[in-house]
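The following blocks contain the structures, represented as structure tokens.
Heads up, the next two complexes both have chain A, just with different partners, chain B and then chain C.
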Partner chain A sequence: MTDVPAGERQQLPPPATDSGALGWLRRNLFSSWGNAITTVVLLFLLLWLVTSFLNWAVVNAVWTAPNGQACRGHGACWALIHEKYRFIFFGTFPYEQQWRPLLAVIIMIVMLVTSADRRMWNQRLLWIWGTGSFLTFLLMFGQIHIPLGLILFVALAVGGLGMLLRSTVAKPTEIAGWRTLAAIGAIGIVLRLTGVLPPWSLALAPFSYVETSLWGGLPVTLILATYGLVFAFPYGILLALGRRSNLPLIKGLCVGFIELIRGVPLISLLIMASVMLPLFLPTGMSIDKFLRALVAVIFFAGAYIAEIIRGGLQSLPKGQFEAADAMGLNYFQKTTLIILPQALRVVIPPLINTFIGFFKDTSLVLIIGIFDFLNAANQALVDPNWAGFPSEVYLFAAFVYFCFCFSMSRYSKYLEVELNKGTRR
Partner chain B sequence: MATVTATANASHDLSRAPSVITLKGVNKWYGQFHVLSDINLDVKQGERIVICGPSGSGKSTLIRCINRLEEHQRGDISVHGVTLSNDVKNIEAIRRDVGMVFQSFNLFPHLTILDNLTLAPIWVKKTPKKEAEEIAMSLLKRVRIPEQANKYPGQLSGGQQQRVAIARALCMRPKIMLFDEPTSALDPEMVKEVLDVMIELAKEGMTMLCVTHEMGFARAVADRVIFMDRGEIVEQNAPEEFFAHPKNERTKTFLGQILHH
Partner chain C sequence: MNKLSTALVAALAVFSMSEMAWAGKDLDAIKTRGQLVCGVMEGTAGFARLDNRGKWVGFNVDLCRAISAVIFGDSEKVKYVPLTTQQRFTAVQSGEVDLLTRNVTWTLTRDTVLGLDFGAVFYYDGQGLMVNKKLGVKSAKELEGATVCVAPGTTTELNLADYFRANKMTFKPVVIEKVDEVRAAFFSGRCDVYTNDSTSLYATRAANPPPPLTPDDFVILPEIISKEPLAPAFRQGDNQFGDIVRWTQYAMIETEEYGITSENVDEMLKSDNPSIKRILGVSPGMGKSLGVDEKWVYNIVKQVGNYGESFERNIGMGSPLKIARGLNALWKNGGAQYAPPIR
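Now for the complex of A and B:
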């Protein structure tokens, strides 16, 4: 052995056979005769699979054709997608008006992408979502009538939230502003309910009206998934906090709701929303089918999200709660400043997993006759002129779904790294 | 057991100081386990008390009852004349005046050191952000780690984290500090840097209740050492008397175990 004193030994490089590309190949693919043969066989198999797929999908594919007959005997019939893409994307939305859902989809994607950036996580987010959502629904409906009551309610809610959230940091003048807004809302609602104010509504009607039963394709999937999850998320947080509450009534209600909703399939919830709910409503009163589906999705996703967040809450050491208590923070401050920021970080992977799942699960609205993206694609197959090319349509649908889901998955990764910056050693 | 006021020592006369914490007949159970039995304690302003005892003797529970991290079931606890009850207002008022340092630091890992320090002043005391940051920086200087202000707790050593935890508690300008085994989770070479900060704090006249087994610290700063066993205060005395002539058999056994091992 060497007699160099400890601490003065030279650092030696690792053996050459263990490093570099050749070393990696030898270690992982050709470490023995058996492994070498397996590697070669699998490589050939892979090559054969890829070439035959490319032959079908690219080399022998038919890109344009007058009808399905012209496609027979060749590779993939992309002409079908070319012919039907507008139906697949926008369903039965009036053909000449389809620029509207296209624009709505673009707005929603821009809205989602901008709010994904962590630097946007402040009041700007409210503006982005406020304008984005307003434009999306204006484009989809074409005309929006906002009743006075709703405007007043929004004023009350915004004013109240402003008072609550800004109470500790805002100047007195700002607080006075929030108070005035809330007061106008509250007084207005009372006056409206007592009939002093007329049932007036604000009409915005730049385009022709398109009812929700004509909506279809990608905008439906995006609206159901986005707004379903946007509302389900805070709802799930409240359920999760409620489930850990010390008050037996609140705890019981939350546990009961979560178990009830989790205990039934989404399909049955959708059927309940579409068939049974109208039976309980007074005659003459009806809630839009689309809205009912959305509420069902919110309830369902909320229950699942609540359980995920509960896992995050339970993973926090007790000391975090105690330290916050000992400093004199009240429950609201403790929860929003200390507990939730940490709990949500922990549950990003399962949370995004659920989001991806629900993005795809929205297809179940087919059951109650709403045509989302997958169901619109399915309908495109019904045309007798183009019968017999299901693989092309499904492959196309799968590709579009994959784009969305894979982006979400990558975003989850980014978020994990971004939010844990500095907190790891 | 009668309440014994600290014997005045030459440098630190407490005979005329007012009481700030009073415990009268405090009892607490965990299920069937009687963790605190009939505790009577009177803490004077500026008094430094060290509480020791074997594990499970109820010493941590005792100080955690003072700021209501644990709820006692019988007896009265009052801090600055405010009696602890289920009234949230009272609890919050007491917690504003009482700072606490934990064995496991309990810094908030998602916030920088500076944010850890300014959080409570800004949200609980409504101190303007700038002022809170100035106070925080001056306290970080006092615990000798101002250069770490923008790091996260996970990037600091245990000793540094515990000093930050002390500074965080001091940010609220507490009148009383509770220490729950502040050095027990530290590597041996870091114990001193934390004790030094605590000794400084004691010299400035802070009222301190400290659960610890650091008998050197007890000798250096304590006005009174309390020995607890099985939920009772077994013996209490000024440190010189306590270490030189322990009266109770259990105290003798305990001191024998921790001083000569």
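Now for the complex of A and C:
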């Protein structure tokens, strides 16, 4: 054998047993006798588990049956889901009208998906949520009466916010526009309160009215979670900022609220809202049960979100605050332009974690008799004609919950990558 | 319900009692609202549950529908509020519901201290004992040394102890907080006996045995070891509403007694029997005395049915629960359902 210079030697491929799929198998699963045995045993176990599950869930399953008796002795009784799916999804909503909650759910999902896209994070978001929420509630209620007072109040609030937030950046004409809007609102409210303007209200009534006590199933879970968190998020930001405030009164109030709410379980808040509250109200007067639950969720989620955001605020170096001050930014600008964007980016994983937690926690409303998705599924089990198939119903419910929670967690992953591009190498 | 929460509810009731004692207003409020608000159980087979189309059905629900038929002439003008055991009394006291048609036992304290009034007994319930058929037990007297699954702190547990002591027998209690878990423990064979109100036992037997067990694997023993008369509850203070509730119940029993059913009620209108004529409003007077439409009983029977029909359809032999009439048969058949005459 002649000596060939190093650079001209023939490059042999690595031995087949060391590379490719075979090599991977050998290295990772069969590297020693012990590992080989473990692998084989676990493979058999897995195979057995999967086949027996598939046997139960697919091969021997009953897909249609007149009643539970016909299902007995076979595999999974999906006929029960087939029979009850509309009830599980829409609860007590009037049967003939159930296209309305279906459409509402679709609108809400579209709304959530579109606003997940970063390119939408500007004024378009307001429009998406404005129209989306309006359509959702119009479909759910069927009729919406907007009192004049509310319209005027919104005008005042929007005008006032515009004046505050855009004071240093906007052109004089825009500021004048905000001012007019706020003035119309303020004068209108005064006139309405003194009785000059009539108690007029804008009535939109394309469908029959369905009160919240009849809502049920998936729309309830989605509305409670979405709007609970949408309101809890800004509320939590305010609480977090308040907790770091230099003003003792504001700080004290925020600390007190957060600690009080965090100190009690959500269930006890819900029970308070549903059992104790009515006793303190005058007889006959009652606040909508759904609204009570929503407010309880907002309070509870707000306190938790506040603490997460405070963590983000504290992670910012002091220099950021000082630099913003040195630039001559006022408190609003400093907070909205410098502090919050950085603080919120840091806390995305724990925030989404809380969101997922609350999405599932909304099912606790079952203890105050609201038929959310899980509770509606529970109700489907009560039917004596379909007795004894809890696993099918709970598996189905778990699957639906998983779809929502898993997409949220994937979205969190995407957001982390997307928002940390600047700091990534 | 345990003692602590009873005391709490009682205290709250006294606290809010001053606002509750006025007369005639409840009925007026119901009429203005155009809806009867009924507090029901959250889902118990046969008594109150939601069907596939999200509509409430059941024995307790039928009572609400009947009362709605009397007040409005339409059995569908009811709003149902599902209530938990903790919420049920405050919901009545606070006016959130007009009427409670859950399976509530009528007792002295509830009738007085809680500020409630009760209608007639719609179901004579009692605590029963369920065993697995394999045990071969025919009577509760054979249960010496048995393990019994029971929920803690309830009158159920006390009744059980009393019964075994009175019969000089011993038992081992398995006390579990949650109803679902008590049931699971019983069905998995952890205890020989499961005790609860017999209505609940029938519902459990019909709806809960996990496959491959079937309802036929379990027997409910003939002994009833406590009295649990179930009656609708409403706020004290509106006597006319109370009358309407009671007489709706009596009318349902009375029509069963006279053989008036939802099927033959139209023919019965032509009957010569003066009692039937009076009941169905063919000879007027009864409705006026009660302050409702003369066709009130006709509306009940036509839209809901008589007591027996409602019983059979929801919880009786025509349903998966298969509860025998027993004490709830008409007095003529040896039961305790007895209505004062409508005249």
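Note that the second predicted complex is superposed on the first by the 389 of 425 C-alpha atoms of A that agree within 3 Å, B and C clash if a C-alpha of one lies under 4 Å from a C-alpha of the other, contacts with A are read in each partner's own complex, and residues count from 1 in each chain.
Everything below uses one rule, namely that a contact is a pair of C-beta atoms (placed from the backbone, for glycine too) under 8 Å apart; a residue touches a chain by one contact, two chains touch by 3 or more.
Here the structure is a predicted model, which means the values were calculated and not measured.
Asks: Using the superposition on chain A, tell me whether chain B and chain C clash or fit.
Replies: By the criteria stated at the top, chain C and chain B fit after superposition, with no clash.
Asks: Considering only touches as defined above, state whether A:Gln320 meets chain B (first), chain C (second), both or neither.
Replies: In the superposition, A:Gln320 contacts chain B only.
Asks: Should A:Pro15 be classified as contacting the first partner (chain B), the second (chain C), both, or neither?
Replies: A:Pro15: touches no partner chain.
Asks: Looking at A:Gly34, would you say it contacts chain B, chain C, both, or neither? Reply first, second, both or neither.
Replies: In the superposed model, A:Gly34 contacts neither chain B nor chain C.
Asks: With both complexes superposed on chain A, which partner does A:Ile367 reach: first (chain B), second (chain C), both or neither?
Replies: second
Asks: Tell me which partner A:Ile338 touches in the superposition: chain B (first), chain C (second), both or neither.
Replies: It touches chain B, and chain C stays clear.
Asks: Taking the superposition as given, does A:Phe93 touch the first partner, chain B, the second, chain C, both, or neither?
Replies: A:Phe93 contacts chain C only, not chain B.
Asks: For A:Gln379, select first, second, both or neither according to whether it touches chain B, chain C, the two together, or no partner.
Replies: In the superposition, A:Gln379 touches chain C alone.
Asks: Quick test of understanding: once the structures are aligned on A, what is the angle at the Cα centre of chain A formed with chain B and chain C, as a multiple of 10 degrees?
Replies: Spelled out: centre of chain A as vertex, angle of 150 degrees.
Asks: Of the two partners chain B and chain C, which one touches more residues belonging to chain A?
Replies: Between chain B and chain C, C touches the greater number of residues in chain A.
Asks: Have a look at where A:Asn330 lands relative to chain B and chain C in the superposition and call it first, second, both or neither.
Replies: Only chain B; A:Asn330 stays clear of chain C.
Asks: Quote the smallest CA-to-CA distance from chain B to chain C in the superposed model, rounded to whole Å.
Replies: It comes out at 51 Å between the closest C-alpha atoms.
Asks: Kindly list the residues of chain A that each of chain B and chain C touches, one partner per complex.
Replies: In the superposed arrangement, which is not itself an observed complex, chain A uses no residue for both chain B and chain C.
Asks: Can you tell me which positions in chain B touch chain A when the two form their complex?
Replies: 67-69, 88, 92, 95-96, 98-100, 102, 104-110, 112, 119-120, 122-124, 126, 151-155, 168-169, 172
Asks: Flag every residue of chain A that touches chain C in the complex, lowest number first.
Replies: 72-73, 83-84, 86-87, 90-95, 211, 213, 216, 271, 274-276, 278-279, 281-286, 367-369, 371, 378-379, 381-385, 387-390
Asks: Show me the residue ranges of chain C that touch chain A in the complex, using the header's touch definition.
Replies: 12, 15-16, 19-20, 29, 42-46, 49-56, 79, 81-84, 86-87, 90-91, 93-96, 203, 206-215, 319-321
Asks: Given the complex with chain B, which residues does chain A contribute to the contact?
Replies: 168-169, 317, 319-320, 322-323, 325-330, 333, 337-338, 341-342, 345, 419, 422-425
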